[in-house]
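Letters A, B and C mark the chains in the order given here, with residues in each chain numbered from 1 onward.
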Amino acid sequence: MKKLLLATALIAVSGAALAESHGQTVRLGTEGAYPPFNFINDAGEIAGFEREVGDELCARAELTCEWVTNEWDSIIPNLQSGNYDVIIAGMSITKERDEVIDFSQNYFPPAASAYVALTADADLKGTVSAQVSTIQAGYVAESGATLLEFATPDESVAAVRNGEAVAVFADKDFLAPIVAESNGELMFVGEPVQLGGGVGLGLRESDTELKDKLNAAIQSMKDDGSLNALIEKHFGPETAKF
Amino acid sequence: MFAACADPKAIEGLTWAACYLTSGKHLDFYWSFVTVLMLLAITAPAALAMGFAGATAARSRFLPLSLLGKAYAAIVRGVPDIVFFLFFVIALDQGIEWMKHQIVCPDWTEPVRQGLEFRVCPQAKVPLGSSSAIWHQAYGFGLAVFTFAIVFGAFAANVLYGAMSAVPRSQLETAEAYGMSQGQVFRRILVPQMWVYALPGLSNLWMILIKATPLLFLLGVKDIVYWARELGGSKTQAYEYPHPDWRLWYFLGLLVFYLLFTKVSEIVLARLSARLSHGQATAAGEAMRKVAA
Amino acid sequence: MPADSPDTPVIEIRDLHKCYGPLEVLKGVDLVAPRGHVVSLIGSSGSGKSTLLRCCNLLEDSQQGEVRFEGEAVRWKGEGLARHPADRAQVTRIRTNLSMVFQQFNLWAHLTILQNVMEAPVTVLKRDPKEVEAKARQYLAKVGIEDKADAWPAQLSGGQQQRAAIARALCMEPRALLFDEPTSALDPELEQEVVRVIKALADEGRTMILVTHDMKLAADCSDHVIFLHQGRIEEEGPPASLFGNPSSDRLRGFLSATAA
């Protein structure tokens, strides 16, 4: 037992020394406009589910982390050109994205996407808004509806309110609080749709070492239930968990 | 900010508004006005300098220099701004890092380009991955100033080139007849006289520059339009100060800001124009002569 | 003849040819302006008189022939249409010693009258600005517009502008003054104030070359008159004989046309 303690202590020390000698800061890139996944809180700081997950993952992987925000539109090119090292921005794991970047294992289970409209009889084959370059935008385009794309998720909802679009199609977990707080103005329409392989961290394909570290950290959060606790804290008790 | 703001969801009315408007996010918003004004204050002279260099080069009798000046103005003006701001900045950023990489990591064996990825050694990142956020912001701001200066410099070069050609040949010939060298003619006669011809074009550019500042966000600098959109968007209970879609009010605020700013610019430019045109053989100068006579 | 001899002409031009592309505007012209003399160039427009004047201070290149300033020949490089003065310093020396007054005055529009007069002595001759200012005011007084020193060119009448331009020429303290149709752009009532100044300068014994269409001015103040026709000297001589007893038909025709 003593030996084991010593060994772990040694590993911890050498791990710390390794981190020290590398002195590497991992930069986490997020959008900052997708509550409750990530948003800029009123103090002007990045907050939300992913902020807490990211900080915890960095602590577990013994990485020094720093947060940056980047527009959704150019979030993948800027990862590739090295402006940050990890995308942590509610990004669903899809085949198309996996061809250009790598994903960690998911830290948020495959979740339902849903339509929200002003009336229950909204025509979902009419004009439907979604955020640009999202898994939902791709789905709407294929559904035969007229796709209306917006740079931010908030604008895609506003488009329904002001009548530009009949419905918005987005993550159900993003829409749920908006619907709940709309005083009955907005409502879910149609059946939720399961899209993608959950939400994962986006990494450069060449960064295998970092990917392994983060995968291990995610696994440990799944194993000890801390990830589920964070999901429940930010998305409510009814959300799917691991 | 204030002690009363500790629990925003418990306060109402004026206190709520005071707390809301002084939240950290709003302070960032106010600070972004300073950022935009600073960008203008630095970019305008920088663009003018680029334009002056471009116009002077285009007028050069040395053919390669003249072609360089003309190509600069033609190419940069021809490329859509948004393309320029998206691709040029990435290329510039990567170019800087690539050069630094060649110097600080000569032993690096992995290829810098791996498919779509751009990987230089960690020591060659600009700024270093480990440097604090303020340096990243300053670097982004620097890239923004440089890009704006190049884009607007090309337009300024065209305006100044035209203005230089608009100075009457007889004014320059007279200077030559009195023994001035080409350099003296340029400095003493051509440059002082061209401003009055350049001013209408330059004031247009200034107005466009003011309106182009939202392009800053493409360069990763958070400008006033970004913050107005971010603050104005509807906020759920996840936020401390939930509110419906208030973007209209924020954008109205921006509208007032931009209108005031352009109005002040117009007044200043009109005064400048009046000062510059005193003796010159332009319509304004002619009007002045008639008043005096 | 040594350069410092009082007999050396200020300007001497021999067999000058000048083309604009295929058009030959000067076809072998001689011109001598001795010190203290006034030489007038007359002729119809297109006769080449202004071009000849501009060849004196090298504002125009010429293809053939010689230009001498105080006995010193202009050095050339190149041949034919590619012939240019070879020595920048020599060009500057000649130009600063031959001050030109233009038909359209050409006061520098961005400078006040006083600054116009001071500009070249200070910038080109590197004279002390204080001394130049004193001189400039003196010359402005001489032409009668000392009160306009701080005005802008555009605020003055044509006659006042031309007198300012003459003050500017005088302030260079040149060896000769070159006048290129100095009264042509002026209304008749303004013309006289400039004519008076030019006559006064001629009476002082200044060396001047005067291109003019004003026959009375040429007759009154010239020592020598040259009548140019289509790039050639048709007739020349003292004003009394040239105007009183013209020998060529062309000059007679020209004089009767201008008198009408």
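Assume a contact is a pair of C-beta atoms (placed from the backbone, for glycine too) under 8 Å apart; a residue touches a chain by one contact, two chains touch by 3 or more.
These numbers were taken from a predicted model, which means no experiment stands behind them.
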Chain closest to the middle, measuring from C-alpha centroids that were averaged per chain: B
Report the chain whose mean Cα position is at the greatest distance from that of chain A. C
Centroid spacing, where centroids are CA-atom means, of chain A and chain C in whole angstrom: 84
Return the distance between the CA-based centres of chain A and chain B, expressed in whole Å. 34
Could you work out how far the Cα centre of chain B sits from that of chain C, in whole Å? 51
For the complex, give me every residue of chain C touching chain B. 57, 59, 88, 91-93, 95-96, 99-100, 102, 104, 106, 108-112, 119-120, 123-125, 152-155, 157, 168, 172
With touch defined as at the start, can you tell me which chain B residues reach chain C in the complex? 170-171, 173-181, 184, 188-189, 192-193, 278-281, 285-286, 288-289, 292-293
Quick check on the complex: what are the chain B residues that touch chain A? 8, 20, 23-25, 27-28, 86, 90, 93-94, 97, 114-120, 122, 125, 129-130, 133, 136, 217-218, 220, 222, 229-230, 233-234, 236-242, 245, 247
Touching residues on chain A, where the partner in the complex is chain B: 23-27, 32-33, 35-36, 39-45, 47-48, 64, 66, 68-71, 74, 77, 80-83, 85, 100, 152, 154-155, 157-158, 161, 177-178, 181, 204-206, 234
